[in-house]
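Both complexes below contain chain A, partnered by chain B and then by chain C.
Right, the complex of A and B next:
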């Protein structure tokens, strides 16, 4: 009976092509193969975000009742605290895993021809993930999320010419309010997913089309010496094992360290001490702070934004800059730039946390 | 996947090797059991989470008495709707000064019924079911059962409605 069902489906969907593709697809095997898992881990975490996000949507109410509904989810609904905690922890693991994925792609030079678009879409996905994080952070409307959003929205307001206008549109008024929650909610559950999903589709399709890139050290070897393993079932099994480990880590974090819900946001209260953004926004936050101290007034802010924008732009266009060169100077410069970027991010993040300690 | 093939050279060592390897059946059994544990560990919290409002409503229906402040002032020949536990109920002050409390949930498909004093009946606007306003008995139309009646106690400060 299964045979006849399979035949019926195969005739209409050409399932045979899929299985043939899965059987033919191979994964390069070398010293850095470990980093190939991180794209899959990111994908898995994203799927968990969709799943837990839909569950939170069952009880969450944006607008004036936002805090009350999150309080209900956390303290009244059975296991609501766990689902909310899993969503918050997973968001952080998601960003972390994308960053690992991005830096491994960078240092393995997997962005080179013909994989430039894979790199660009990946950066766009990271950018959207950060926006997911920023918009989702406000939704509980507790003290911390309120002030973090207030501070975070200062950044678009520094855009030249249209900063003030853009920020007011984003914020829904001159200050963070119920209107802000309502539009961040729309952003978080409708607009961002609409942008994210097709981009993710393109990104994944490109991975299938071009296959996994190998680092230059492997490229230097003759073809006969390079090893591969079949994707199905060998690599697929390991992928699943990684997903299982990820799931366990998430379950432990979410249940042992349940995500906190602070006091309800009060626009008239003064900002609590040690206010700081999520860790993935810490580096730019701290750099702005340092530059603001070095160069007083608006100069520091402008310099900070300018520096950051230039660094980011250089990072994004790396495939255009380091395209064809295999082991030439440009390739080495890109490598040093990468090391510099990682070091700068880690140090400024650490200093940021040191400062609020 | 193919089973590992064993070359039969020394029969004794072959047996030892085959025994030390968990069989495919054992492996699948363990994997299925672990999978079930995961499904349970994820499914149970989600079920309880989604069922929370239903459970809260069930706790509310455990209510056995409701006090309606100032309801003793309800005019003759009129009715008011109130919440008994989680569902609507109706207090009727009849033209003959009788006091009746009934469930206001139509026994047909659950619409909320309406007291019509001029026709001296309880009417369900959804499918035209009609009940007797004194007893809650179903008189005509689709309702299969009478409306549930509650006990009424009229005091100086309010009306106490309780399960009969």
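Right, the complex of A and C next:
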């Protein structure tokens, strides 16, 4: 019976071509192969986000009732707490795994010709993921999310020329309010997915088109010495195994450390101690803070934004600088720049947390 | 009450035991399962006359000796330190009852440590058959350590009616064997044996992953596939063991599992259900991914894969042990001693004459009222709660005024049969004055602006 169904489908959809492609596709096998899983893990976490996000959407009500609806999801609906915790934890794991994926791509020099567009779309996806995180964080409208968003919006407001304009559009007024929730909600469930999905499609198509890049150490070997495994079924099985492990980690975090819901946000209350943005915004936030302290007034803010923008821009355009393989000096410089970026991110994040301790 | 309190900020003293114990269990159960693995693998190698196998078993035995002989023994001693400091009363009860059991166990420990050293250092130095016999001596003695410690661990969950009948009479040790072969002894022994066999396989995957695939592709495949089979008994029998175990657990403890299905709260008791579910999910995951990674694709199996499986095993072991501990609530020794060290039989006396009647450990630097409250907190709350970290009392009591903190304490003190807290928290014992001192102490901690030097409002009797 299955055979006849398969034949019927195959005749119309050419499934055979797909499986033939999957069988032909190979994955390089070497000491650094472990890093190949992280793109897949990020994808898997994104799928979980869609699934849990849709479930939350069933009960969430943006606007004035935002807090009350999240309270109901957390305390009244059966397993609502689990879905909400899974969504929040998954968001953090998602950004973490994209960061790991990005740095592994960077150090394996997988952005070099012809994979530049893969790199650009990847960075855009990370940027969108951060926006997903930022917009989703406010939605429960509890004390922490309210004040953290207020503080977090300081970053775009420091943008030269258009800072206040952008921030006001995002906020829907001079202060974070029910309008902000409404806007962030629209951003979170409509605009960002609309931007994210086609970009993700392009990103994945490029990966299929160009295949996995190998690190320079492997590239140096003659072709005959390089090893590969077929994508299907060998690597696919391992990919699934990694997804399963990821799911276990998520289940453990979400069920043992359920996401807290604080008090309802009170705009008139004073900002509680230790309010800070999520960990993935800590580095830029802290850099701005430090520069703001070093240089007086607006100069510090502009300098901070400028420095950060330049760093980010350099990071994005690295394939244009180090685009050809085996160009010694440029490759090395890019490598040092990567090390510097990782160190700077870790140190500023740590200092940021140290400061609010 | 005759012991000083050990207060560990933020994580709480319970987690000190937990962290050492989870680490220890991972290794000690490997010591038992791996003890069976070594002679069985060696016999296989001898029968097949395979040099590849022999060399690999030698490598594995060195790894085994270091992991179990160093980390296993050190963490075992660590547990003694931690439980003695955290639960002196419970530890004292265990020692009084099981000193003979531990004496036997230490004999087996000595045999274990000696034979594993002999086993490793006599490779190729004594006749093959004799060497294999040394392996079997190790295996038997390490199984015996499990057989004994299992009696003591299960006793704490289900001491059994016979022992409880003599508890507090000074004749406890006369019912040693009843306490030892208590209601959950056999199902627990089955489950632990299965876990040991699984861990033997999981740890052997670590050494197996290091076999060079370019040089020995066929051997790597056959080694990993053979080792993967060690996970099969668990896969088949573990659900049975779990059902048997839960069937033997008293109804009141089993009810705890359904209590936590749909409630929220980090660090609250409702977690036991989630922990059990995680344990089941993680165990199933281990079997599935071991099948795909090691059995189906042995040639591509790397140390990273093996480590991932080991980490999952750590998750399964950790959640399993944690849920076993939590299932015991509100007791540390079932129906005999509450989780804060108060004996069930002492409750009335302490309510009458005071919890702190024999306490030598009152803080002399602060007002007597504050010192009383602090000692009450350390003695009766501190074994499960911390002020600012794990199960933070400051957080749990946030937003309550002094009266409201008092009513929570009254509820715990009265311990009425219908209160939900009764299912997982011990009663609060002490005189009304002591309970008021605790109330003021906790209120002052949760509201730092209220200094302990300010006089509390008129104390309302708690009775």
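A few points about this structure:
Quick note on the criterion: the second predicted complex is superposed on the first by the 355 of 357 C-alpha atoms of A that agree within 3 Å, B and C clash if a C-alpha of one lies under 4 Å from a C-alpha of the other, contacts with A are read in each partner's own complex, and residues count from 1 in each chain.
Quick note on the criterion: a residue touches a chain if its C-beta (ideal position, glycine included) is under 8 Å from a C-beta of that chain, and two chains touch if they have at least 3 such contacts.
Just so it is clear, the structure is predicted and the values come from calculations on it, not from any experiment.
Once the two complexes are laid over each other on the shared chain, residue contacts for A:29 go to chain C alone; chain B is not touched. Shared-chain residue A:234: touches chain C; no touch with chain B. Contacts of A:130 after superposition on the shared chain: neither chain B nor chain C is touched. When the two complexes are overlaid, the chain among chain B and chain C that reaches more residues of chain A is C.
With both structures placed on the common chain, the touch criterion links A:58 to chain B but leaves chain C unconnected.
Once the two complexes are overlaid on the shared chain, A:79 sits against chain B and chain C alike. Touch criterion not met for A:170: it reaches neither chain B nor chain C. Overlaid on A, the two complexes show chain B and chain C touching the same residues of chain A, namely 78-79, 247, 251.
Within the complex formed with chain A, the residues of chain B that make contact are 1, 38, 41, 45-46, 48-52, 55-56.
Across the complex, chain A meets chain B through its residues 55, 58, 76-80, 82-83, 233, 247, 251. Note for the complex: chain C touches chain A at residues 262-266, 271, 274-275, 277-278, 281-282, 285, 288-289, 292-293, 296-297, 300, 302, 304-305, 308, 312, 315, 319. By the touch criterion given at the top, residues 29, 33-34, 74-75, 78-79, 81, 229, 234, 237-238, 240-242, 244-245, 247-248, 251-252, 255-258, 260 of chain A touch chain C in their complex.
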